[in-house]
Amino acid sequence: MKREIPLMIVFVAGLFMAVQFFVPHATSEYIYEFVMEWTIIIGIFALALGIWSFIKVAASKIQRRSENWQYSIVALAGLAGMIIFALPWFGGLESYMFRSFFNNVMIPLHATMFSLLAFFIASAAFRAFRAHSALATVLLLSALIVMLRFNPYMGPLGDIDADIASWILNVPNLAAKRAIIIGIGLGIVATALKVILGIERTYMGKD
Amino acid sequence: MTNIGVYISLLLIFGGLLAILIYSLKGRDVDRRIIFLFVLFSVASAIIFHIEFEESATPIVKKVFEFVENLPPESKILISFDFDPAMKPEVHPMANAFVRHALVKGHKLYLMGLWPQGQALMTETIEYVLKPEFPNAVYGEDYVMLGYKAGNEGVLNVIITDFRKMYSTDAHGTSLDSIPLFDDVKSAKDMDLIFPVGGGKPGPKEWILFVGDPGNVPIAPGLAAVVAPLIYPYYPRQAIGLLGGVKGAAEYESELKKNYKEFENVETPALQMMGPQTMAHIVIMAFIVIGNIGFFRARRRKWQEGN
Amino acid sequence: MTAKTILFILVAVLLAPLVMAQEEAVPDSTVGVIPPAPPLNFRAFDTPYDNGHSISLEWELSADDGQGRNNVLGYRVMRAESPDGPFVERGIVTSGGTSYNDSGVKESDSPDYFPRDHDFYYKIVATTADGSEAESEVFGPVRAVGQWFNARKWPVLIAVGLFTAFTLAFITLARRGKDLYVRPLAGIEAVDEAIGRATEMGKPILYVMGLGTAADIATIASFTILSRVAKKVAEYQTSLIVPCYDPIVMTVAQETVKASYYDAGRPDAYDDKDVFFLTNQQFAYVGGVNGIMIRQKPATNFYLGKFYAESLILAETGATTGSIQISGTDEVTQIPFFVVACDYTLIGEELYAASAYLGREPVLLGTLKAQDWGKACVIISIILGVLFAIFGWQDGVDAFRPGN
Amino acid sequence: MRRITLIVTAVVVVLFIISWIIKTNTVPEDGTFRPFIQGFLVTFAAFLTLAIMSFLYRDNPFYKFAEHLYVGVSAAYAMSLGFWTTLVGNLFPRISQNLSDWFGVPFLHYEWHFVIPPILGIILLMRLSPKGGWISRWALAFIVGTTAGLNLPRFLRSDFIEQISSTFLPLLVQWQGVGPFFSNFSLAASGQFIAILTNITIFLGVLCGLIYFFFSKEHKGVFGTASRFGIWVLMVTFGASFGYTVMGRISLLVGRLTFLLKDWLGIIS
């Protein structure tokens, strides 16, 4: 029974949502909206599980004095601080400290982490764009053609390059993306089908 | 002062690249941190010293520029501000460049917008570009601000037959009948060129479909980079040319600077944004080349050893 | 003078009075006493295949819209609950428009509510700049009804049905013991080797599920690969690190890994702290995973699931620690970065196929075969569609396009 | 800790304090502003920016500090945001008058079905009890099932059928008064030639791309050639996407450096 009931739930819920797609009636729309709202709310409860896991891992590191345990204190302090500042007594999401933390800690960290991509895209290009096979050469050349548009000293070659670059970005790009997306569509449907039919059940765990 | 900075940093970057080329020819691998340093230094120096490059306009941009050049004086040009502040860095420089080009050639300007936030940016263009740089331009005789009208492509459907059905007055409440610029203008078909600047819906695509095609009016769209590929297919039959993203804007700005002395010292935000971009692209491309040279060198050596 | 020029002058002379007459007529309309011609053949009907909260309206242009006196600015759509009124304006259509969809929301407490199963009466009023108006006939009663099947979605239903049939058929075949060939996938074949290498080096294996939630099929596909990887990890007695981005994904991943360890006969080796939650902010998660990679130096990094801009940060950091990197995502924009920076990449659909490859169970291989048949159908319909397009048979092309 | 680490840390702390003092005196004064705190926050933001960037050199205590702080703060941020916007904003006003009052949100009206998600949520939390773990799978099953059901037909529609039908292009475009193929080869005709090439490339690209993804057929002979052409098209695309993305990534770096140089150091205006 421990396994059958969840598989039943998967089957019923899956079939129901699949059928819902074909029913335009308001009742079906209501059910769709409810289910969407439910999953968001369940997600918040799950987040509590996540935070618990986070605390458990950090606490065990501190307890065992494993390498870099000091930084786990920083992580826990950040966690606690942010949660405390968002408590109703501090004014919830509108509290000064909560907003300051968001604007001066989270935003700069986010933007900087994101901007590291500028460096990594350069090192990846250096490392991987080597003409060691025909395929690698194609990859390298098409990247170079697109990047060359930014070189102002190309003369008339620049015009030709710009045209080729925009053609590549429009035509083969479209074709390849379409092939990938069609494949993905089939893969998604196949996987969804396997899940609903209970063929794929590894995620259920075992007892 | 800045010039010296530019030369020193360019010297450092290209000298450094050369040194690394020699280093890798000796068969040694380049540490990725050296690449990081080069990227950081090239971008930072371009920002600090305002390194700018002469952008040579690609044909698709040049067509637009030359079209404006070849219009007879006092032609009627409409610019539509179909964007919001989020898109501003990319496309607002285009709108400003169009305004400059149109006025310096002595054309008549009609400004309007299909996006509510476009009106504030339109005012910005008038206050910070048009008025200070063209103090002799007279409102109503050389340019007019029609402002924003709600209704999306519906607005276009109306103005293609009659402006006055959609705009009874301009943005300041003056009746169109008392504005000299509208003496011989009935509909959008009377325009000699339309610049829709934007990157969403409604935007340049709607202008092409609802005004350019049915009214046979030349359209030159200025586009945000993300949507540019979607508009490419309309060139060259339905759009005389187009400007895509910061790059397109920079090309137009540089074309203006090259051809007109009076614009030598104006703000060129798109060109300025291109400085760091170009520097970084050149550095990355240089490293790709260096990597390949090193790679072929190593392979040849291996091959020779094998023999 | 050529014959053409003579003809032109002749026609021009003949037409001149007509043109002048029209110009004379223009001042009349601005006086404001003559209303425009009314819109004709007005009808209202329940919008087909909708939720039951809208009514569609259609009419023919007023004779003065675009032609005639050409003074129609637009049409006002009016609605009432009885044929005699009072009529309320529901919307305006600019000149040249011949249809309107009068719709609202289904929540009865909203000001925008549109009642279902309720009788309404409609009329269309052509308006002009001078204020004169012309009304169409009143149409009604008409009521909005919700439908239980959207017939525009037939192509989708057929596709789903066909695909399900393929899948079930091939699963049956596979269960009967029919041997199914699958071509090798480099990324999959590297999995065993990668785990073996980690064992030799005595280093852990990092498995990153990406930013997907349990609502992403890519994540579900990743679970099944995780279960195979975890089983092998347990057999080889290596350790596994699974930092998670989504708490529900973490929960499912814990179940999956636990089950795999159990299958491999080492349930005691499982620790909840190996499959843990990090944070669900994109770049904070990247920072955390980067830290793990740099400090624990895993021998193998798996990136399988949904990835966005962070893909390259992860893959490049992983490359510096000398790990073997196996990636796979269905996020089309990120595949190039994985291809460039990782040793093996499962491109798009290959990610979904991977679980079948690793499991080698007949049932899973059967679905793989069904996917191929699906692709064959797609190829055939593309060829057919292109042929239709070449010969200009628009109905044939449209038959494939689903409605909304 | 090694001595060098201590020295570097000390130097950083001193520089931080100097920057803080200078910043406090330079931030513009306006009524509600608190220069002392504001100066600290801007300096701290700059410190964190540099700390993350230092990772490019190598792992170091400053990066470790920034990373752990970021992870902790962001996890709590998600939790707080979810609690306030979803639970307080959406759930409580529909299930309990008392809870709504306590959090100061207006009570809407009681809706029975909103009781279900908290129950499922609590079922999910049963995982934490050693014996109730199995019941938490009910909630997981609900989520996984609805997801699968949602995706099944929707992907066939948006990704699949739409993509197929937009590939239906005529391979030859209409000639517009230029005459037969080679007799009058002008600029306009070359445009049409490109249009034909474009349509053929899209057609063959999609076809061969799909063939590349065939799993249960050996890629040999004609099939193999098509599949190889498919992977070539894919590679051209990947290279181009990579090259195109560089522009956007550099913009991000420009943004970050502008923050450091302008908002913090004030070197450029």
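Order of writing sets the labels: A, B, C and D. Residues in every chain begin at 1.
Quick note on the criterion: a contact is a pair of C-beta atoms (placed from the backbone, for glycine too) under 8 Å apart; a residue touches a chain by one contact, two chains touch by 3 or more.
The model shown is predicted, which means the values in this text are computed figures rather than measured ones.
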Report summary line: In contact with chain B as well as chain D, sorted by label, we have A, C
Query raised in the report: Which pair wins on C-beta contacts, A-C or A-D?
Result: A-D
**Report entry** Identifier of the chain whose CA centre is least distant from the whole-structure CA centre
**Finding:** D
Report summary line: Between the Cα centroids of chain A and chain C the separation in whole angstrom comes to 17
Requested in this report: Round to the nearest whole Å and give the separation of the Cα centres of chain A and chain D.
Outcome: 6
Requested in this report: Round to the nearest whole Å and give the separation of the Cα centres of chain B and chain C.
Outcome: 32
Query raised in the report: Counting only residues that touch at least 2 other chains, which ones in chain A make the list?
Result: 18, 21-22, 39, 42-43, 46-51, 54, 68, 106, 109, 113-114, 116-119, 121, 123, 125, 127, 129, 139-140, 143-144, 147, 150, 169-170, 177, 180-184, 186, 188-189, 191-193, 195, 203-205
Query - Multi-partner residues of chain D (each touching 2 or more other chains) - result: 52, 55-56, 64, 66-68, 70-75, 77-78, 124, 127, 137, 140, 143-144, 147-148, 150-153, 155-157, 160, 164, 167, 203, 206-207, 210, 213, 234-235, 237-239, 241-242, 245-247, 250, 253
Query raised in the report: Got the chain C residues that touch at least 2 other chains?
Result: 153, 156-157, 160, 163, 215, 217, 220, 248, 251-252, 255, 277-281, 283-284, 287, 295, 335, 337, 339-340, 347-349, 353, 368, 371, 375, 378
Requested in this report: Treating touching as the only link between chains, describe the layout with one word: line, ring, star, complete or other.
Outcome: complete
Query raised in the report: Which positions of chain D touch chain A when the two form their complex?
Result: 37, 41-42, 44-46, 48-49, 52-53, 55-56, 64-87, 90-91, 103-104, 113-114, 116-118, 120-122, 124-125, 127-128, 134, 137-157, 159-160, 163-164, 166-167, 194, 198, 201-210, 212-213, 230-247, 249-250, 252-253, 255-256, 259
**Report entry** chain C - residues contacting chain D, complex
**Finding:** 153, 155-157, 159-160, 163, 180-183, 185, 214-217, 220, 248, 251-252, 255, 277-281, 283-285, 287-288, 290-291, 294-295, 333, 335-337, 339-340, 347-350, 353, 365, 368-369, 371-372, 375, 378-379, 381-383, 385-386, 388-390, 392, 397, 400-402
Query raised in the report: Which part of chain C faces chain A closely enough to touch in the complex?
Result: 49-53, 106, 116, 146-150, 153, 156-157, 160, 163-164, 167, 171, 213, 215, 217, 220-221, 223-224, 227, 244, 246-248, 250-252, 254-256, 258-260, 262-263, 272-273, 276-284, 286-287, 295, 309, 312-313, 315-317, 319, 330, 332, 335, 337, 339-341, 347-349, 351-353, 355, 363-364, 367-368, 370-371, 374-375, 378
Query raised in the report: chain B touches which residues of chain C in the complex?
Result: 66, 70, 73, 94-96, 129, 320
Query - Interface residues, chain A side, partner chain C - complex - result: 18, 21-30, 39, 42-43, 46-51, 53-54, 56-57, 60, 67-68, 106, 109-110, 113-114, 116-117, 120-121, 123-125, 127-129, 139, 177, 180-184, 186-195, 199-200, 202-206
